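Both complexes below contain chain A, partnered by chain B and then by chain C.
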Partner chain A sequence: MNFQIVMLLGQDGITNGAIYALLALSILLVFTVTRILLIPQGEFVAFAALTMAAMQGGTPVRLGWLLLALSAAAMVMDIHAAWRRDGRPAVRRGSVLGVGYAAALTALTTLVPLGDAGVAVQALVTMALIVPLGLALYRVFYQPIAAAHPLVLLIVSIAVHVVLVGIGLLMFGPEGARTEPFSDGGLRLGMVMLNSQTIWVVAVSLGLILGLYLFFERSLYGKALRAAAVNRLGAELVGISPELAGKASFALAALIGSLSGILIAPITTIYYDSGFIISLKGFVGAIIGGLASYPVAALGALLIGQAESFSTFWASSYKEVIVFTLILPVLVWRSLSHHGAEDEE
Partner chain B sequence: MFAKKLAVSLLFGALAAGAAAPADAQVKVGVVTSSTGPIALVGIPQKNSVPLLPTSVGGQSVQYITLDDGSDPTATVAAFKKLITEEKVDAIIGPSGSPNAMGVIQFAAEAGVPMLAPVGTAAVVLPMTEQKKWVFKTTQNDDLIAEALLAHMEKIGIKSVGFIGTADPYGDNWLKVFGEGAAKRGIKLLASERFQRQDTSLTAQGLKILSASPDAVLIAAPGSSSVLPQTTLYDQGYRGKVYQTHGAALPDFLKLGGKKVEGTILAASLMLVLDQVPDSHPSKKIASDYVAAYEKQNGSKPATFGANVYDAGLLLERAIPVALKGGEPGSAAFRGALRDALEQVKELPATQGVYNLTAADHSGFDERGRELITVSGGKWTLVK
Partner chain C sequence: MSAPLLEVSDLCVSYGKIEALSNASLRVGEGQIVTVIGPNGAGKTTLLSAIMGVLPSRGHIRFLGHVGQSPAIQDMVARGMSLVPEKRALFATMSVEDNLRLGGFRFHSRSKREQDAAMEELYALFPRLKERRGQMAATLSGGERQMLALARALMGGPKLLMLDEPSLGLAPLIVREVFRIISELRRKGVSILLIEQNARAALRVADYAYVLELGRIAMEGPASELAHDPRVVAAYLGMAGKHQEMLAS
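Right, the complex of A and B next:
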């Protein structure tokens, strides 16, 4: 084990850790605002990576159909909700727009070959597919039970995850895929070669974290989301719609998830069910942050990335065991230092 | 005109119904695959191959009942019990996964139903026990493939090898079989690293192998997971020989690996290099017909896993006429006779090679069941 190996492992750990940190942040965001543990977060990652790969490989992009189906379901539910509220069915403009948007995007991805459109366009189309998918998931599965006990929300999350993995198999097939790197080459720092994709991952992650910070600190919507996270009832009383807060947090989570997927797709082979294990490591990071603190969660996720990288070098067979065992001392420490403060839920 | 057509089709319909009338004596075969779940890449081509299996053997019609176990060994047990007690099948083809197969051997043996397992691990038929007598395996044993790779290593003068395998029974068995063979030939195993199919990075394993600097590296992983270790090694600057097992023998390997897998050596059945093997090879025509039929039906070329199920059908096609002398389909006597007949199959050419089954060897492949293949110019090429 020499300096060069340490640097390479560290670089690997930072690349993965940055992705885990992004996922930890979005899991934390969704949890604090809606009390939903977003288990399907990983599916955003896998679906984004596989959609990119499908565009580049010239195979049919089927994600639009899922979005279309969910948007249509959301519209039906909106009509039904209006019926129960006002005694007559009414169509909201938003839900019609949603279905129209999904139909247009489905047509675009099915009819126009995007194989040569360039990485930037493909990434944009992918995010344009996944972000409304997050919205539709919230509308269809979570909004009707938004006030339920967190345990119920957790169980629904698991169900949504299992269903999405199954749909993923139908849409993308059982084989793994990977995409073209954004740029070739790399940057030489002394004796260590920095991989270009690592630089992309770190730069985009930092940019996104900065963007989130500005959004939450400076913008009205960001402050409203934070208010909903701090006290749901209080936020509702001062006029912040919990529905809007839920949808906004899901859209953000889907955006972060799809970006993560697009970033790691060139580094590794992604399968239709790869998302879960990746987001699970983000989740461990969020747990280290006590499901409350953003900076600690991000640091925790980076730590997971490093622990994973170095433990793989020493004992590759026990890697997952070591990474997930890390959560135990953290939980023990937290439960000893917080005397049941979280029991109120 | 229409009335005439109608009359003709009615007549044919009646004839067909008449022919199918003694259907109560037909042979029933259960098929259990993992067409969903983590090993769906194995199960889907297997499920798609079922419609290509022989539907009429020795004057008996054969009915196939297909179930999915979702890659879950518990569900495999449930599927086997259902097939045995409710459907009263005469034989079962499946399941797709090695752990799934290990869990159902005792149920097949207790009920006396021959089981044709298209799984990778040799543990389902070796060492032979009273229960495993009911199990037949339609894939090449790992040691047959390992032997071909080791012989090639010895030929080109490789003295030391690094090993990267999946942390599952597939990787375990390869490490064991390959380690033993390498020791016998005086090839040193310098490092052995493991990974999970879903790992996002294999940098650490690659570095470990690189720092041991072996002459060659063997990667033992099923399906497209075999690609990432090799591309990682390539990116890290490793330029020694890389060997792959028959787990890598699928079209996606080339698609995912691109120019980074150029020069890979692997041993597998002839399916990848069908157009290059001489016409005299006993499997060539059968395999070509299977690939063509599969492609016509599904629009894509089958992975080898599907051919393993097809071979099970060919074994049954050979054994059922013999077994019919032993009893009526649906009876215990018939199932016992079927097992005995399967064990007697000799020189049966199939898609994967030529089967010569014996009481001790329920896999029955010889060197005609493997070809040494390399990647050259982005295509599978037979090593001459």
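Right, the complex of A and C next:
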């Protein structure tokens, strides 16, 4: 192994690690706010990548239909909830807007060919489809059982994941796809040639992490979301609705997932079921952070990226085994250094 | 009694088959301090939690003219009810200032200047919190945490403030400070529903009082009268209470 190869593997590791870091942050955010382990996080990644690929390849974009169906289901559930609460059915303006939005976007993606619209427009349309999909998933599957035991939430998460993978096969077919890179060429730094997509991934990830940091540290809404994670009762008592916090965290998770999918699609061939294994590596990062610390989770994810990249070189058939075995010493260490449940205050 | 701000009638709460609260009725008038005293496990915390909507309940709760059954917390907060729970429920890993800003979350459309003005007003009442504004809530002392919990609740501009054992676990000097602030709040027109084990201090500050025993309202009356009722004196203001009181003064 020479310097050139180390740099190449390192670059690969950073690219993948940055994506895993984003996913780790997203899994952590959703877990701390809602206690839901977001197994379907990977579907946001795969659906985004495959939707981009469908637009570029001129094949039908079917994701809008899923969004429309879920938005309609959310509206029916809202009407039913109002009926149970007030004794008469009522339609919320928000749910009508949701269905209208989904219908408009479905029409746009079905009728207008977006193949030549440029990567930026395609990426925006993809995110415009997936972010509300996150909201609708929360409303339909999780909001009715928000107070349930985390184990129940986990089981539902697994079910939602399995169903979405099936729907993914229906929508995108069994073939994998790759998208065009955002830009050609690269950047030469001394002896090292930086791939342009690597630069894109690192820059966008850093930008997103900075954006999230500012959102959570500076804005009242970001602080409210953190507060909901720190003390649920306290948050409710100052008027932060757990439903709103849940929806906001799912929307952010969907945004991060779709962005990750868009970033990774030019580098890796993505299949309808590829999302799971990608987000699982983000999950390992989140576990390294103890499902509590954002910086440690991000660092853990970067470490996973490097481990994966170097094990591809040394023992490529054991790549996944090596990556997931990394979690064992962390779990052992965490269980040994755990001091029991912390005080409520 | 002045026009009731809060009127609770026949409130029942059950944990499985155990009835923790049965047919409790009480009223809090505008600008009043009403206290509920009673032994440990009488259902005092359950009563406040049910009124706030933290626990599901049966019976009627009328607050500011709205009648509801088993209300939702959000609705109660939006109408101006605020609860400081026994465990305080602070945002431990966030700064004092962030805790306070979030206390005013229901006015989130308010401008930054209005928020800052509300904050300064509170800091005048709690100068200690101003000194510690940048500190994490978890690093505060027990007394300061109670002050922060109170101040956070006040940021929401409550019409009715409900306090669950505000003096619990605090040093006597701090207890006196807490009761001083409660009196001050009444002067500012905030109505208060206070739950206390320190019955003597609670009866001194309150206008009206209820005694809760085994989930039922056992006695009620103007606080000054209850403070001299032989049964109350025997059960709640006896030597043990006197001893505590001596320590506090």
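We take it that the second predicted complex is superposed on the first by the 341 of 345 C-alpha atoms of A that agree within 3 Å, B and C clash if a C-alpha of one lies under 4 Å from a C-alpha of the other, contacts with A are read in each partner's own complex, and residues count from 1 in each chain.
Going forward, contacts are C-beta pairs under 8 Å (C-beta built on N, C-alpha and C of every residue); 3 or more make two chains touch, one makes a residue touch a chain.
Keep in mind that what you see is a predicted model, and the values were worked out from it rather than measured.
Undergrad: Putting chain B and chain C on the same copy of chain A, do they fit or clash?
TA: Verdict on chain A: chain B and chain C fit.
Undergrad: Tell me which of chain B and chain C touches more residues of chain A.
TA: Counting contacted residues of chain A, the larger count belongs to B.
Undergrad: Does the superposition put A:K223 against chain B (first), chain C (second), both, or neither?
TA: Touch status of A:K223: second partner only.
Undergrad: Now for A:S274: first (chain B), second (chain C), both, or neither, which partner does it touch?
TA: A:S274: touches chain B, not chain C.
Undergrad: Look at A:N231 in the shared chain and tell me whether it touches chain B only, chain C only, both, or neither; answer first, second, both or neither.
TA: Only chain C is touched by A:N231; chain B is not.
Undergrad: Is A:G239 contacted by the first partner chain B, the second partner chain C, both or neither?
TA: second
Undergrad: Just the number, please: smallest Cα separation between chain B and chain C in the overlaid arrangement, in Å.
TA: In this superposition, no C-alpha atom of chain B lies closer than 37 Å to one of chain C.
Undergrad: Of all residues in chain A, which touch chain B in the complex?
TA: Listed in rising order, the residues are 5, 8-9, 11-12, 15-16, 19, 57, 166, 169, 173-178, 264, 267-269, 271, 273-274, 277-278, 309-310, 312-313, 316-317, 319-320.
Undergrad: Mind listing the chain B positions that touch chain A in their complex?
TA: Per the stated touch rule, the residues are 36, 38-41, 43-44, 167, 193-205, 207-208, 211, 223-225, 227-228, 252, 255-256.
Undergrad: Quick one: in the complex, what on chain A touches chain C?
TA: Result: residues 220-221, 223-224, 226-227, 230-231, 233-241, 344-345 of chain A touch chain C.
Undergrad: Note which residues of chain C are touching chain A in the complex, please.
TA: Contact set of chain C toward chain A: 52, 54, 73-74, 77-78, 82-83, 85, 87-94, 98, 101-106, 108, 138, 145, 152-153, 155-156.
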